[in-house]
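Structures for review follow.
What follows is a pair of complexes built around chain A, which joins chain B in one and chain C in the other.
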Partner chain A sequence: MGEKLTIMSSKLIKNAADRMVLTGLNGKSVVPYKGVGKFKPEAQKYAPSISSCADYPTDGNKRVDSLKKALVKCGIEDGMTISSHHHFRNGDLVANQLFDAVKELGVKGIRWFPSASFPCHEHLIRYLDDGTIHHIEGSMNGPLGKYVSEGNMKGTGVLRSHGGRYQAVQDGEVEIDIAVIGAPMADPFGNANGLEGGSACGLLGFALVDSEYAKRVIVVTDNMVEFPCVPWQIQGNNVDFTVEVEKIGIPELIVSGTTKITKSPDRLLLAELTAKFCDVTGIIRDGFSFQSGAGGTSLAVGEFFKDIMKKKGIKARFARGGSNKYLVSMLEEELVDYILDGQTFDLDGVRSMAENPNHVWTSPFTSYNYHGKGNFAGMVDVAILGATEVDVNFNANVVTHSDGYLLHGIGGWQNCLFSKTVILPLPLFRDRIPVIIDEVTTLCGPGELIDVIVTERGIAINPLRTDLIEKAKGSGLPLKSITELKEEAEKICGKPEKASLCDEIVAVVKWVDGTVLDIVRKVSP
Partner chain B sequence: MKNNLAVTGNSGPGVRSDCEVSFETTGSGGIKLDLQSKVKSMFGRSINDLVSNILSFYNIKNACIKIIDKGALPFVISARLEAAIKKTAGSDSEYLPEMNPENSYESERSRFRFSRLYLPGNTPGMMLNAGLHAPDGIILDLEDSVAPVKKEEARLLVRNAMRAVNFYGAERMVRINQGKMGLEDLRYIVPHNLHLILVPKCEDPAYIRDLEKEIERIKELNGVKRIIYLMPILESALGIERAFSIATASKNVVALAIGLEDYTADLGVQRTNSGEESLYARMRLVNAAKAAGIQPIDSVFSDVSDMDALRENVLRSKMMGFEGMGCIHPRQINVIHQAFSPTETEIEKATKIVIAFKEAEAKGLGVVSLGSKMIDPPVVARALKVIELAVKLKILTPDWEKSLQ
Partner chain C sequence: MGEKLTIMSSKLIKNAADRMVLTGLNGKSVVPYKGVGKFKPEAQKYAPSISSCADYPTDGNKRVDSLKKALVKCGIEDGMTISSHHHFRNGDLVANQLFDAVKELGVKGIRWFPSASFPCHEHLIRYLDDGTIHHIEGSMNGPLGKYVSEGNMKGTGVLRSHGGRYQAVQDGEVEIDIAVIGAPMADPFGNANGLEGGSACGLLGFALVDSEYAKRVIVVTDNMVEFPCVPWQIQGNNVDFTVEVEKIGIPELIVSGTTKITKSPDRLLLAELTAKFCDVTGIIRDGFSFQSGAGGTSLAVGEFFKDIMKKKGIKARFARGGSNKYLVSMLEEELVDYILDGQTFDLDGVRSMAENPNHVWTSPFTSYNYHGKGNFAGMVDVAILGATEVDVNFNANVVTHSDGYLLHGIGGWQNCLFSKTVILPLPLFRDRIPVIIDEVTTLCGPGELIDVIVTERGIAINPLRTDLIEKAKGSGLPLKSITELKEEAEKICGKPEKASLCDEIVAVVKWVDGTVLDIVRKVSP
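For the complex of A and B:
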């Protein structure tokens, strides 16, 4: 470990998506992507060692004075893997406090395994610089993305989907030494949930796998209540220590007070076209299901869905989300029977989850894990997702921009590709940057799973979806081939030069089954 | 007087699809270009080439140029640079982007003008997708939405936009400035497949005739053949009093619009949603326009978030005889089109009348009747208009007769 990987020094192999990828990573061998549904490992799941009640206080009081002391009690050592979570999004104060403590203990070479990182984690760059953190396996957003893209991180980053993170832990690909779970409400035994308290975020689904598989689990809260803390989204029986701190999150940055639908006429046009497409192709029907995101366009798609459903007098069986006040209003107006929620984006979402039994909290295990006996993602009729780039073979990129910089995590995006129909509403170009291009800078999703690209200048249906092509015929919607769309963008913007990238490999992108889909290279200075 | 240094365009945190050009003429030292661009890794070379072409076109050998680019398209960069060069080195030559072949379509006198979308003339970002929202007309505005110090560079941007940006079939309109400045605007727009000029705060038929003369002069100079239509906007008590003479000042006046913000200010009253204060002006304008055989067009509705109030407003407007309305947000377009579009009952009646008319014509009958009722020619004409409208709005298919049989 510690040596920079480059294309020249690594043994690269062409995977099933025609991308040259690594066979070894951070000291372990990895499997190149073999195709959708092709890789089926024959092995046992990972399991932590057996615990005994004899080693825990019988009265259930697992409180420790400080996070630092808890880390010492967990036996923290150089080179360990420590996990944290993004339930508090850009208002997270846990990861920064955690690494302040790690630094004070003089521990080095930590592998940080967050479920996602946010711009608030810029604070951690100093610990990447001084060797406290060796590398990140998780999304690298904003300032961290820039830092990694410019080749500053010592190890190689690993990008996984939410489902892929569960899979990696369950399969033993990543062994978590210490999991630190920030909880808006917890009891001294370690039962915890996200429903109440100053840092209420709704649910703690991303931490579920950590609580089940990590060697040691610490629950950190700023709202310690007497036993029992119910409902126990995290079960205290999996928790080693509980710590009370002053503050774990900044409420206004965790959930927004009010989610607002975009006023951008161009985004609204995209959303309207997307909803019309779903209508004419019969996707919107009584009892259907959809996944809606929290991005500006996705929110607006939901509103157009709502209008269509009202007009037709039909309702959806369930919606998967990112919940927000708009989705909640659909639940409350009985246009949707259930919300199966992965994370709440505003206060209405948190409220609804706490009081409405049909607003159900889920986890990456139920929703996304590919190494399970099925998951929810595939049952969804239509998923409306984003992307930074799509190529003429419908392959899409969500992690880097066209200039090669890492800017976003994968989130649940890869997992949602298994929905029955996947639609990406995208502007044909952003400022001058074409979104549909010859070949994606970074491959995150294979084109065979991406069905429809909706742009303001036309809709391209994947030729594999002959059924959708047939249904959309004669609808009056502006259907075009993806190549026509690409050419139209180039006519307006000019043909972009390909970003010039260095030989050095700064991160890899994993597929939902743990295989390596692509590599991310350092950007030219 | 020319300065050594000029700054044109826009940058800053909220700005997109635009750029700021600082241009300084220097006596020696060659060309120094400092390009700061968010798209540099993809378009750096192409921007460099564009700048070199423009500099050699103007024969500039020494200059310090700084471009802060926010993803501006080439027609924007060249307009900004040309404006800066004209402010410093000075030149009458025009560096024109290629004419987009999609933009060569024509307009016609009696086309529908339900919606016309105003776009600020110095904000390129809003221009690129405007046509996709399918307004009947797109107005690139040189008047009120452009700050006085930006007037010159806005003319170049509007000119370039008319050549490079796809208007997707919308009627191509420009609102010029008032008075003398309006006359000076013409040379930047008339040669570039302009369809219609909006004439703001029009009070005098003589001004229309002056405009007409200048337009003809520029057309001849540039070999432009097509007619350029005029839509005077009446925005004052005097303008309203002279509505008919303005409407008939030129055969190319195809519509009269009313501007209620300025009109109510001129009267010294508040503008209300119900609009009692402008009732006379609106009725007078409608009557004058109809008398002159042109389209009366209503003012914009300024609350862009209230679509229900807009819908009511359009229905009232339609009832009074208006045939169109301005918009300041693309989301208003559909509401306006829907409200101006004929109702189901209107369409049903019209199809019956037209079928009866065609049957009578086929039989060589001079008189058309529907059931026991005789139908007059103007009724047929109105029915045909309703059907044309229904087809255009895709309520009926062009072969609606077949589907009825």
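For the complex of A and C:
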């Protein structure tokens, strides 16, 4: 693995999005972004080794006493890649236990490949400092993002969308040596799900690709049941070892007991405008589909949708989640036929998924993998998403703040851009810093895929969407150009300063096809 | 592809089961059987090409007007391998439609790779004759088996177990160019299941590996529903094209309206002895598991199990099926916690699978694939299976009759031999031909994996199973040696003649690991 990259040490070239990006990353060459749908690899998927049942216990009992012993049985070595998932969000106890064990074993230079990391993983900074972990490839929310932004990590971080993570493993871009999969319910064979137990999180889709392609797979549970653990969201036939531990998660930090809709009048206005826009442009029609996040504004959009649907006497065919009690209530009131769920955000989501066959668990493979024979994202009529910044070409940023700090992951955001209509309801400014600017600090989504920006002071439609512009005409909605919105924000807050950044590259943002869309630089001390 | 093989044209060598087998097959080299658990390939799984969503319709609509057009879009060419599944059993209309289309396109030399063929596929003999189909790899039940046995097929047939078929594709032994998957319910994206519609067959597990590894995948349905088709037993993300046709199956030939237990006093005696054996040896205990077929005798064994369990006040943890109304009644009466089902044999099976979350659909991957990290077969306490012949070393045959005719497939039979105890309840003779003989016509299962032969005139326990011999002592059961049973049969029927066979090899029997266990010769005209 390579060490820190600087502009000096790495050749930078301009990609199809006009961003200067590197061509080598952690010792491997990478492809610069070539445009939406332009890069088509002529290659085969990654091919894991053939296993033999002769090497596994015939009675299916793959139990090992401890995670540490299991790591040893997996042949853990310096420089390996170890993966984990983030279904336990900020209540995850597995990754910390994992690296405590790695540290005890004296292993160094691990590439940690989580589907995301959270503030609870601040514990791992000591292992980044002492060389146990070489670098992280995965979303770095909060303290780890700050750590990376300040140039402290040895290797270069790699940010991928949920679908991009699946793609990277499937395509052999990232070879996982050991996958450690925390499971709220599992059997000794390794069948596992997220539906029941003290650490119930709903589903385990983020770990699917790890289970399918990793050389060795360990399932860790605090709820070992007798075979068969049904349903098997993770299939024991892909698992090498199972480990029972005391506790894998903190329930109240895994799923929220109460998801709450925003009470902010500004945010409610954004939500209302978004819903009205979808109504007048005919997006809300019988049998339509939508995806909306779990943030306060997104939840409110869902509630406005609900009112409109009830008034019209129509229903949606499906909603893509992140599920929560609001979405579940729509399913239960038969306003949507199906929830196609990628992760559950609250207890109602978990309950509904366990009980209701129309609340379907999905995976980054079904929903987001761009290197499959299609995926679900494109079938969604409208996706309501967030962003930290948008520029006048509708390009958007979701990973860095305007000060350049890397504080968020990409999640499924990039993947959802393939929905038929993408709407970003955004406040015109946050803490007196404009959100619509000349150029985004970090490019995460190409403007050609972003259709509508809804702000409290007006709605801008991407000029590419002449159909939407036509339909919104005469609706009474406050339509403006994105430049007008930008100027309005600047009138109030002044022209924002650009983030003060060093030359050193601390992370890269991958596009859904594995190409490099942008780089993230170290913030100036 | 190679042409007909004869002993002259192919080097034969003796494998670990003392059978003379060939080392080349249809133009490729093959590995002779090396013993149970002895062959461990040092290789990677087959790696399909990376696809890109850019090449598939964003709205998920992959419909094509006709199967013929879909085949053309798949780039059908002479000599390709085309696969299909046998969930519609003798009611299948898809394979015949498929090859009518292939014929119309003038394509020649296809390797047909069905999971099994049935008498309804007699229609295809014309295409074997005229060179449209070069040869069949898959079970050949009935007329096609006879056709092959008489030396009429151009290539050499290859018989694999359900698990062996998964293994062969996964390992790249068989590369499928085009998979044609008949689906009782599907959406335009290609998500599909077997649960609902006029051709409901329960599940589609036999087609799973085809969907995962084939270069091109076509889903054919007579019940196209709006996205999403839930559950997706076949995932649309693996599918290239979807086709709607008039009819894909004949319901009454797909699933039986009434599965019937044998009324033959002889068979009932076999069933009763089998159940008693399981009782006295402690196999039937609280939380045990069993697998029993859908034949009349097997069904009767299940009913005797039921009585014993009720009397003892115990229940089974799971039953592996082939499901049918008797097994379903055990699930519904809470005598088994789970049915882990591979194929449904009657309407009650289909209904239960659609309704009851404890009636779980499995696949050859979960249940049988020997080149996985374990499978379910070994976890089953007792498997009750059939055979056409057994020899004095407990070796058994399931594919040929004593006259040498190839009339049956292997099904999951070889895979089930890995259960903790394997019992074959068999009549001592059929049509006055002894079933227990000196040497089986065709070796399908090594004797070391077959534990008990139950006949109406006595029970023989494999000497390797000293534990069972010990437990059965003093039980009052009619225990005999297998030689005693053989001699008893010969006393009644006379010493059976060996099948009269030519030198020409018409098919081979693969073991679960892809090695060649035995060959099948042409019958003498």
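Some points to look at:
The rule is simple: the second predicted complex is superposed on the first by the 522 of 525 C-alpha atoms of A that agree within 3 Å, B and C clash if a C-alpha of one lies under 4 Å from a C-alpha of the other, contacts with A are read in each partner's own complex, and residues count from 1 in each chain.
One rule holds for everything that comes next: a contact is a pair of C-beta atoms (placed from the backbone, for glycine too) under 8 Å apart; a residue touches a chain by one contact, two chains touch by 3 or more.
None of the values given here were measured: they were computed from a predicted structure.
By the document's definition of touching, of the two partners only chain B reaches A:432; chain C does not. In the superposition on chain A, contact of A:492 is made with chain B only, not with chain C. Legend: residue contacts after superposition of the two complexes on their common chain; A:376 is shown touching chain C, with no touch to chain B. Touch criterion met: A:37 reaches chain C, while chain B stays clear of it. Once the two structures are superposed, chain B and chain C can be ranked by residues of chain A touched, with C on top. Taken together, the chain B residues at the contact with chain A in this complex read 16-17, 38-39, 41-46, 70-74, 128-129, 132-133, 166, 305, 329-331, 394. Contact residues of chain C toward chain A in the complex are 37-41, 43-60, 62, 170-171, 189-190, 217, 226-228, 230-232, 235-240, 287, 317-318, 338, 340, 357-358, 360, 365-366, 369-376, 378-379, 418, 420, 513. Note for the complex: chain A touches chain B at residues 263, 265-266, 268-269, 402-404, 430-433, 456-457, 476, 492-494, 496-497, 499-500, 524.
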